[in-house]
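Structures for review follow.
What follows is a pair of complexes built around subunit A, which joins subunit B in one and subunit C in the other.
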Partner chain A sequence: MSYLQLLGLVAPETIVVITALVVLGLDLLILREQPLRHRFWMGAAFAAFGCVLAAAWLLFINSPTHPAGEVSGALPLLRGMFVDDGLVRLVKVALLGLTVFTIAISMESSFTGHVGEYLALILLATVGMMFLVSAEDILMIFISLELTSLSLYILTAFNKRNVKSAEAALKYFLFGGMSAAFTLFGLSLVYGLSGSTGLREIAAKLEQPALDPLLVAAIVMTVIGFGFKVAAVPFHLWAPDAYQGAPTPSAAFIASGSKVASFFVFAKVMMLGFAHAGGSGSWHAYAPGWLPVLAVVAVASMLLGNLAAIAQSNVKRLLAYSAIAHGGYALLGILANGPSGVTSLVYYVVTYGLTVLGAFGVVGLVEERAGEARISDFAGLGRREPLLAFCMMIFMLSLAGIPPLAGFFGKFYVFTAAVGGAKDLGLLWLVIFAIAMSAVSLYYYLQVLKQIYVVPVSAESGSLGAPISSRIVLAVIAFGVVALGCAPDFLVGRLLAAIKLAAL
Partner chain B sequence: MQAALFYFFAALTLVCGALIILNRNPINSAMFLVLSIASMAGLFVLLHAFFLAAVQVLVYAGAVMVLFLFVIMLLDLKEEDRRKFNLFGIITGVISVAAIAYISFAAIRSGSASVSRTASDIEGGTLPLGKLLFTNYLLPFEILSVLLLVAMVGVILLSKKDLK
Partner chain C sequence: MLAWTVYISFIGVLVLMLLPAGRARLARIVALLAALIGLGIALAAIFQREPDAGIETITQRAWIPGLGINYFLAVDGISLTLAVLTGVAAVVGILFSWNVEHRVKEFFAFYLALIGGVYGVFLSFDLFLLFVFYELAIIPKYFLIAIWGSTNKEYGAMKLALYSFVGSAMVLIGIVAAYVVSGAKTMNLVELAQYSFPASFQHWAFPLVFVGFAILAGLWPFHTWAPTGHVAAPTAASMLLAGVVMKLGAYGALRVAMTLFPEGLAEWRYAIGLLAVIGIVYGATVALIQKDFKFVIGYSSVSHMGFVLLGLVTINTIGLSGAVLQMFSHGIIAGLLFGVVGRMVYDRTHTRDLPLLEGLGLGRALPFAAGTFAVAGFASMGLPGFSGFAAEFQVLLGAWQAFPTFAVLAGFGILVGIAYTLRVLQKAFFNEAVPSPEAQAHPLPPISVPERLGAVILLGATLIIGIYPNLLLDLIGPSFSSHLFDRLLREGRPF
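Here is the complex of A and B:
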């Protein structure tokens, strides 16, 4: 395979990288003297244009028509390092969409003067995520994971006027460094056991009924590493501080885009790489493997995330704990261990990402005005800002899983996949627990809504004075959440069709 | 001979690694880090990875560690205070270390963890490495360059004083 072919294969990623460099240069050279708002608008417009271009390439050009196995077979140079099938393309388009929305909600913010760097880092993080989604090779997975994480650490520290931002970034960085060490150790054990880096080859090599003790160690360490990335209990300690301290658009990006990519690759590593070491997490048929490990992590995440969220008074922290809980639900999709599991997982994390992005957008506007994002700062928002309050209601109810919003169908698909995934309804206990926990979660989402609609407006707080563009963006996101909920088949149908071809 | 050297370097790496953490003077810790990196370079030589060994010494023991020492001296770090350990940390730490140690011993005893490598596989010279980097591993190599760009942008951004 020639270098030109390689460039054609990774064209969407290349487009995004080039966009990042151009945005960086444009801001440094031409827009230097312009007012901040102007610079943000120009940079954001260009960055969004690059993302749309990449997404268009993914959707329309050189659409892969043959299954993944054939593609990687046809390209001996890459050997699973870069998989390009319909499923991967769909996830990448979703990632690019989330990036565009992240850029859109940060357009009016004023936490930094370094616009070019900010946008470029968001784009480069997206590149990392795109490679992560494509990777079926542990070397590529590790490198793209690090590219994503490094960009996210810096994005967390971006607000240099706020000490909390630096503290959050340091915590995130130290925890992330530890988790990277664990991931690397686990993956190197896998390499030592199998002698290859491709996930499918690893699975073929590790095909034996008895679990090797080293494989156990490798699985545990890999789960620890990815557990940090998706903020699952007991590896969640960084999340509340990082979400609270980070500039709101950065927090939104960590909660949405990086979650989508991390969960997707987590599922791939477990289902493809450790395909024969699954064991069983069923109630009466326990067998050692990664399934029981993940089941424990999922239970802990749902329990602690939901219970700790009740006690929060800051909405960003509340969203962080709710993200931990949602991580627990999403793990059910991986536990389902099959095509239906992957479908439900992707639908779940994409809709969750979109919803939480919108919620952070509203929180950001309130925070800009009030200086902080306590729940009490939302008091009377329903009368002060009817449109934003309505959007927030949609996001909160979707997170709680109320039909007909996207969050409901996300949970529904994940739960049905988990029930059907194990033999004899073995995971039913987990699903019942998850449903009980999501009933608990309704309490704290409604607490926020109660502040917005029931608590009377205090005299001095008027409208937020939010710019019209932010309102439009949030309304569009809210519309997306409703639309994906009303017509889930739009996404699920495509996912199912793509997965059939992808042979996952 | 090879086995003896392996055990020597491995033990040296481990001992120095422990001393990095146990030392309370940051400069001493940094010097032990140099030593542990150098002994790791010895392990690379035993694996026929000559280029990696040289890079390990040149880049890590040389350049990176000099920067570390500069920063430590510029910040004028004092000796760390003796820390109080909490019971929870000790218990969970001991449990996890014991579990990992147990698994490692079990794995060594069962002796399954061996993927045999033929001699032609282990080529660590500059030429085969360069060939691999620009053929099989071109994509990760390019992504690493993007990663370094991110690191550079981030460092400049975070360390720069805002002129306001």
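Here is the complex of A and C:
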């Protein structure tokens, strides 16, 4: 295989990297003297164009028609470091879409003057995520993870005028550094046990009935590492502060794109790499392995996320705790440990990412006007801003899991996969718990909606004066949430077709 | 065609949302039109229906083929009866809220969204679709009460929303588990109903799903949302809550829980029958001592819905048809009672306190309201000639065959029902109190035309069904011979 062919395989990533560099250069060299809004518009347009180009490449050019196993088999140079199949492509397209929306909701922000750097970092983080979903090799996974994380740390700290932003970034960075250490330690143990870095080879080497204590340590370390990334309890402590302190678009990106990629690779590492060390998390049929570990983490996330969210008075923090809870639901997809688990997980995190992106978009607009995003700042939004309020209602109800919105089908699909994933309804206890917690969650989402629609408008608060572009973007996102909920087959059908071909 | 009852409601929602602000009259007319068209379609469907048509498919197309989920709307006699009820309740509810002036557009948008969801539930024969419509109805209810309600509205609204959501969460667990256990990769209700679920599974799945639905039907002891919700809700919403939303619960319990898990039903029917009877007697007794006029009607709803649930667990055709007829009948009568209390009385006197109402001499001030309430009260008591009699009599007959003790106890509940109805009639309307001079100086506004129209429609419905119940029973009875109920009627009874 020639380098040209290789370059063809990583063309989408290359496109995004080049876009990042061009955006950086453009802003430094040409747009410096322009007004901020103008710079943001130009840079964002260019960055979005690059993402769309990469997505178009993924969708229309060279789509692999043969199973993934053959692709990696056909790439001796890469040895499964980089996998390109239909499923991976779909996830990448979703990631690029989320990136475009993130860029779109940051277009009108004024928290930074470093437009080029900001956009370039978003794009670089996206590249990291794209590599992350492609990787089936622990070294590669770690490198991509770090590329993503480092970009996200800086994005969190981007509002230099706000001390909270710096504090949030520092917390995020310290926790993230710790988690990277755990991940690396876990992965090095895995390498020591198996003598290989490819996930499939690792699984083949570790195929033994009894669990090696070292392997147990490796599993726990890896779960801790990824648990930090997806903000699962008890590794969630950074999330509320980071979400609250970070500039809103950055927080939205952390909650959406980075979640999608992290969950996907988390699922891959567990299902592929530790394929024979799953154990069982079934009721009365416990067996050691990563499944029971994840089950505990999922239960803790759902419990703490939902209960703590009830007590929040700041909507960004509320969304952070709700993100923790949603991480718990998404873990059920990994626990399903099979193809339907993966498809449901991808559907879930992608639609969740879209929804939470929209929610942060609205929160950002309110925050810009009110200075903060307390729940009471949303009072009477239904009268002041009918369109934005309606979008927010869609996002909140989707997060709560009300049909016909995307969040409902996501939950339904994940729950169905988890119940079907273990023998004799073994995981039903977990699903019952999840559904019960989901009923709790309606309470705090309704609290926000109550402020928006029920509480009367106070005299001094008028319209938010949100720019027309933000309104359009949020309306488009809201439409996407409704459309994906009403016609889930648009995504599910493609995912099912892709996973049939993929060798996961 | 019948599918358009759902679509027209949601089209109405869209039109209302796009309407310019401040056009209250137009909003009312749009809402009324949408509701009228829905009712018209439902009535037309009744007249077109052949008596032994079984389950008629309205539309069926693949929705999420990967999971075997279809967009499958169909109709049998039971659905049709309840669709007509929904249509009637929707039209009358709009007539009774003609005087809403606060955020009119939004009011009717939420109202029609609720109606659309309710039609959807009654017409869905795909389990997933049914559940989607069922949950869809939760949110409009919340806003209708929280924004336009009275007494303790935010509490009542949140309580109702959470109760509904917890109920539907229980249902969801059962649905997901049933889907996986059957392994058939289908959500089609008729197909799932043919599958024999393992007895051990039905043992816990049945009570979970049944109670999940029955929470909304006011099953004692999960009924507490009903009185507070009814009281807090604006008139039209309490008419819908009592009129159709509580029927959603009973309908779901019959259509899903009972048809899918008949063996589970056989195990649990005595327990549920007992709860239903307790609900009948308890609701009636508590209604007897209420001070708030609306609470009386709220608790009476719990009592009358007990008859529905009791009828369901008799599992003989008489009892089951009686239960469905009672759903219709109570929908009409409760709508009427709430209309009188909420719209005709409360909107004029601004009090629902019975001792206060006693001093107003409403019988003379609002003769139309008094007359309507008297007739509705007779219907509610179960006087022959009204739909309530036909329905509750059937339920009691069915219950007598299945469990005589419960039938006797339920009969006692009817007696208490007569007592509380006469009590409120006497207290609120027909007392000898002479209105104070102050009250005479400010006469109450007369009953408006829309109110009269609404009351006449409901009175007409209860009279027609009361005099000739076979109009509906001929629709309902044959429905139980369709495949959907094969297993229920075969395995539901242990003897």
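The rule we apply is simple: the second predicted complex is superposed on the first by the 504 of 504 C-alpha atoms of A that agree within 3 Å, B and C clash if a C-alpha of one lies under 4 Å from a C-alpha of the other, contacts with A are read in each partner's own complex, and residues count from 1 in each chain.
Here is the rule we go by: contacts are C-beta pairs under 8 Å (C-beta built on N, C-alpha and C of every residue); 3 or more make two chains touch, one makes a residue touch a chain.
It should be emphasised that the depicted structure is a prediction, and the values quoted were computed from it without experimental measurement.
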Partner chain(s) touched by A:Val473 [first = subunit B, second = subunit C, both, neither]: neither
Which superposed partner A:Val230 touches (first subunit B, second subunit C, both, neither): neither
Contact breadth on subunit A, by residue count: subunit C or subunit B: B
First, second, both or neither for A:Val88, with subunit B first and subunit C second: neither
Which of subunit B and subunit C A:His114 touches, first, second, both or neither: first
First, second, both or neither for A:Leu428, with subunit B first and subunit C second: second
Which of subunit B and subunit C A:Ile103 touches, first, second, both or neither: neither
Which superposed partner A:Leu446 touches (first subunit B, second subunit C, both, neither): second
Partner chain(s) touched by A:Leu335 [first = subunit B, second = subunit C, both, neither]: neither
Subunit B to subunit A touching residues, read off their complex: 100, 103-104, 106-107, 110, 112-113, 115, 117, 135-140, 143-144, 146-147, 149-151, 153-154, 157-158, 162, 164
Parts of subunit A lying in touch with subunit B, wherever the complex brings them together: 3, 6, 10, 17, 24, 77-79, 81-82, 113-114, 117, 120-121, 124, 127-128, 131, 139-140, 143-144, 146-147, 150-151, 153-154, 157-158, 160-161, 192-195, 212-214, 216-217
In the complex with subunit A, residue positions of subunit C that touch it: 62-67, 106, 128, 131-133, 135-136, 138-139, 142-143, 146-147, 154, 158, 161-162, 165-166, 169, 172-173, 176-177, 179-181
List of subunit A residues in touch with subunit C within their complex: 382, 397, 402-404, 408-409, 412-413, 415-416, 419-420, 425, 428, 431-432, 435-436, 438-439, 442-443, 446, 450, 453-454, 488-489, 492-493, 496
